[in-house]
Amino acid sequence: MKIVVCIKQVPESNNVKFDPVTHNLMRGGMSGRINPFDKNAIEAALRLRDAVGGEVALLSMGPDSTAEILRDGLAMGADSAYLLSSRAFAGADTLSTGYVLAQAVRQIGNVDLTLLGRQAVDADTGQVGPIMAVNLNQPQATYATQLTANGNQLTVVRDLDSLTQTVELPLPAVITVRAEANTPRYETPLHIQQSFEKQVTIWRDTDLDLDPEKLGQKGSPTVVRKVYAPEAKTRAQTALPSEPAAAVDQLLVIMQQHGLI
Amino acid sequence: MAKQWTPQEQMLLRMTSEFTANEIAPLDLQIDHAGRYPDGLFEQVVATGFLSVMLPHEFGGAGFGPEVTAEVVRRVAEGNASMAATLEGHYKTVYQMLKYGTPALQAKYFPTAGQRIFGFGMTEPTGGSNPMSIRTTAVRQGSDWVLNGNKIMITNGGLAEVYCVLAKTGPQELSVFVVDQDMPGFAFGKRENFIGLRGTPVGEIFMNDVRVSDDYLLGKVGQGGEIGDSAHDDARILMGAVLTGIMDHALGLATSYAKERKAGSTPIGELGSIQRKLADIAMGRETTRLLYQNAAALHAAGQPYSEEATMAKAYGSRTAVAACDDALQVFGGYGYSRDYPLAHLIADARALEIAEGTVEKMRAAIAAAELAK
Amino acid sequence: MTEAIWIVAEREPARINPVTFQLITKAKAIAKGKKVVVVLLEAPDQQFEQAISEYGPDEILLGQNVAYAQASDEVMAGALTTLAREYQPNAVLFGATPLGRSIAPRVQAALQTGLTADCLDFFYEDDLLVQVKPSYGDNVMCEITCPDRRPQMASVRPNTFAAEKVAGAMPAITPVEVAQTTGPQGRVVDETVRVSHATGIASANKVLALGRGAATPADIANAREIASRLGASVGVSRPLTDLPDFTVEQQIGQSGTTIAPDFLLNLGVSGATQFIVGMTQAKLVVSVNRDAQAPIFAQSDYTFTGDAAAFITALKQRMN
């Protein structure tokens, strides 16, 4: 089975700061890491490969420094890595990103399964997987917790919070993976060494079959028109009496007034 | 000058820190209380490839050098010193088999050196500081050697499956042989009930007419003393790393407690008496770190490192006992509780004033080296 | 034809997810003359249109087909895409549930338009739907628009808005026929409603939230006893999910559950951002914390600065 896992570089921490004067988001100097959910996708891919044979390729879109997280995935045991890096991709929203990644999957060729983490922890959209599936004209199973290879199809259990759904998916297909699916393995010392012997294939926009109208900002229907820190709304903060017994008495009165007891 | 790690080494160290923080450190107290590794932990350490960090590429290992290998041991020790000592015992043994083993021996054992522990047995019940007084013998029979005797206080004894053992091949002749648990006549004995490093099994093996070929002789006949010294040197660098990790652990505990704990409205970290202890722990940690890293750098550069490795352990062990004692004092009554790690950290550090040569023997060795200059 | 705001009804096996009702109420409030239309795809015997009608949308587009009883994402997205092409709505809203967040981007990609995930607010500026979305784990808010393409699509976080029934509402119910979705598709072989925890906090009217300041076995036992007397559910802040007593199912907050009870009593909860975002819709909030500077107090109607255990003990005694 030929599996592609799409991974994303996200900030080390979500504790972003705003410039007190310009109110712009300060992201400079923050080192990146692999999106945690993507490690579950890699783990799921490695287990499928170990169960039925095949290969696992990693795919990411971002600046050249994104090669570092691809290296992390190789050190977990993936076989190869592709990086889509071009100025033409800058400013892409989910629609454009999903399109470019899907075209890269076509270019890699003969891909049976595309895996992603359920969502990235920075933007929290979870949209790229389904968008890729539509671009590739493939079925999908999002929020997967179990993947079982079953001939030329996969049986996937989806955890949809209120509902557990089991789907039989014909291949090729796109699957996004929940953290509950597995515990990602650590990089091993041997795989770490080997990951530095492997080439990360870098593809520019000109290396792929792309419609220029669908790239970057031009290919992105959405516009982020404002970014700001959440407003801290505050409430009345009326102090209850300082003695616990008196405080509890007053609480019960308040609850009665609100019709709660 | 601070060591510049390669990107590969950085990734290895980051993984080690993550693994230690997530998988090992949360079990530190449990390991001490139970006196063993919880089920699955050691298996996970093996599965993640820690045993093959320093094993060369050609034998299926990751082939990392002595300096970063010691740093791995330090980072593991920061979470739990027992597990770091387990790695130390394995690495030191593999180093000797690399240095002195025949190609046939290496071909037989190294393919599994990433999956199972190797140990080194020197000490015997009727010990004493003179290696010539050991009673284990290896006697020629045809083209084979037949080994008889027992070894105690082997780091990872019982957990390890392959052992280097020091044996007498003549009245004044020491040699080292490799035996394994599957050989007829090989048996395990009892496990020690030590006060510290309680996760690390330390145990006994018996050899009753264990028969091996010349391929299982490490180095040459009569080279046993040298190989034993070499094993000590490699162990002492890694023990310097274990001790530094123990002090990192103690310092981390003491500084966070000093920031949180208040005397009146003042955090105790603002008190001069507490600050003095924190500074002493930090200086001891830093000195020990520089000593073992220097010895590891000499090892990596192919230069002699015996005296420097000895200093790292001789200095670091007493320093770490004192540092953990200071940290305990920072914690006051809580520090004296077994529900906190300080008590076992002192006992962990204390082990290394004895293992791989007592501090007294090591001071004699350092003095001898200086006198000979 | 008046332009419409579509709400895609989220059908669970035996009910309509409440987020659908919340979206109807909210959409009506911001519609500015646009029609609020619910798109309901259900099996012929389900008749969820009645429950939806009570919330007063202007119209329900009703597609009934046995295939919708247990439909794959491909089937649902295919049908919605076909309908959107035919009816050209101005905006399409989904609940930001796992199902909504799975189907919406397929429709988006098919229609080649914009989609904003997990919105906390939205409003019209002229014809432009301004969508307010948190990012970086709710540490940042973004205003997102889709100026040039239609429909404008968003998924909206459940329990962000209150649902209100409209007395005597009689929405037009328009049956629609949609051709079977073709192309590669998954086959749903089983759907099991997850047995929600007996003390489900998402829909509870009263919630007692425990934090690190009320985490001893005695605190937990006492809080449970008080909760059972009050008819409240017990929730926790994230650190307490490490205790054997609790799982993420009881966790209030961004990585847990967003709650909207009439009454919330926070006991020993300090009020990390990730907790706060999960409770802002609570009506009456009372908080107990030892630290007068705890951020939870700013989000509280009534405060008690002191030991949570003492407060819990006093409350338990008073209730006996």
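Should a chain be cited, it is by its letter among A, B and C, assigned in written order, with residues numbered from 1 in that chain.
Just so we're on the same page, contacts are C-beta pairs under 8 Å (C-beta built on N, C-alpha and C of every residue); 3 or more make two chains touch, one makes a residue touch a chain.
Everything numeric here is computed off the predicted structure, so don't read it as measured data.
For chain B, the chain whose average C-alpha position is most distant is C. Each chain gets a centre from its C-alpha atoms; the one nearest the centre of all protein C-alpha atoms is A.
For this pair, chain A with chain B, the centres built from the Cα atoms lie 41 Å apart. In terms of their C-alpha centroids, the spacing between chain A and chain C amounts to 22 Å. Work out the mean CA point of chain B and of chain C, and you get 55 Å between them.
On chain A, the positions that touch chain B within their shared complex are 71-72, 75, 185-193, 195-196. Put simply, chain C touches chain A in their complex at residues 12-13, 17, 72-74, 77, 97-99, 101-106, 108-110, 112-118, 130, 134-149, 183-194, 196, 206, 230, 262-263, 265, 273, 277, 280, 283-286, 297-307, 310-311, 313-315, 317-318.
Looking at the complex, you find that chain A touches chain C at residues 11, 14-16, 25, 93-95, 98, 119, 121-131, 133-135, 137-143, 155-156, 158-170, 173, 220-240, 242, 244-245, 247-249, 251-252, 254-255, 258, 260-261.
Residues 7-8, 11-12, 15, 18-19, 48-50, 52-53, 57, 60-64, 114 of chain B are the ones touching chain A in the complex.
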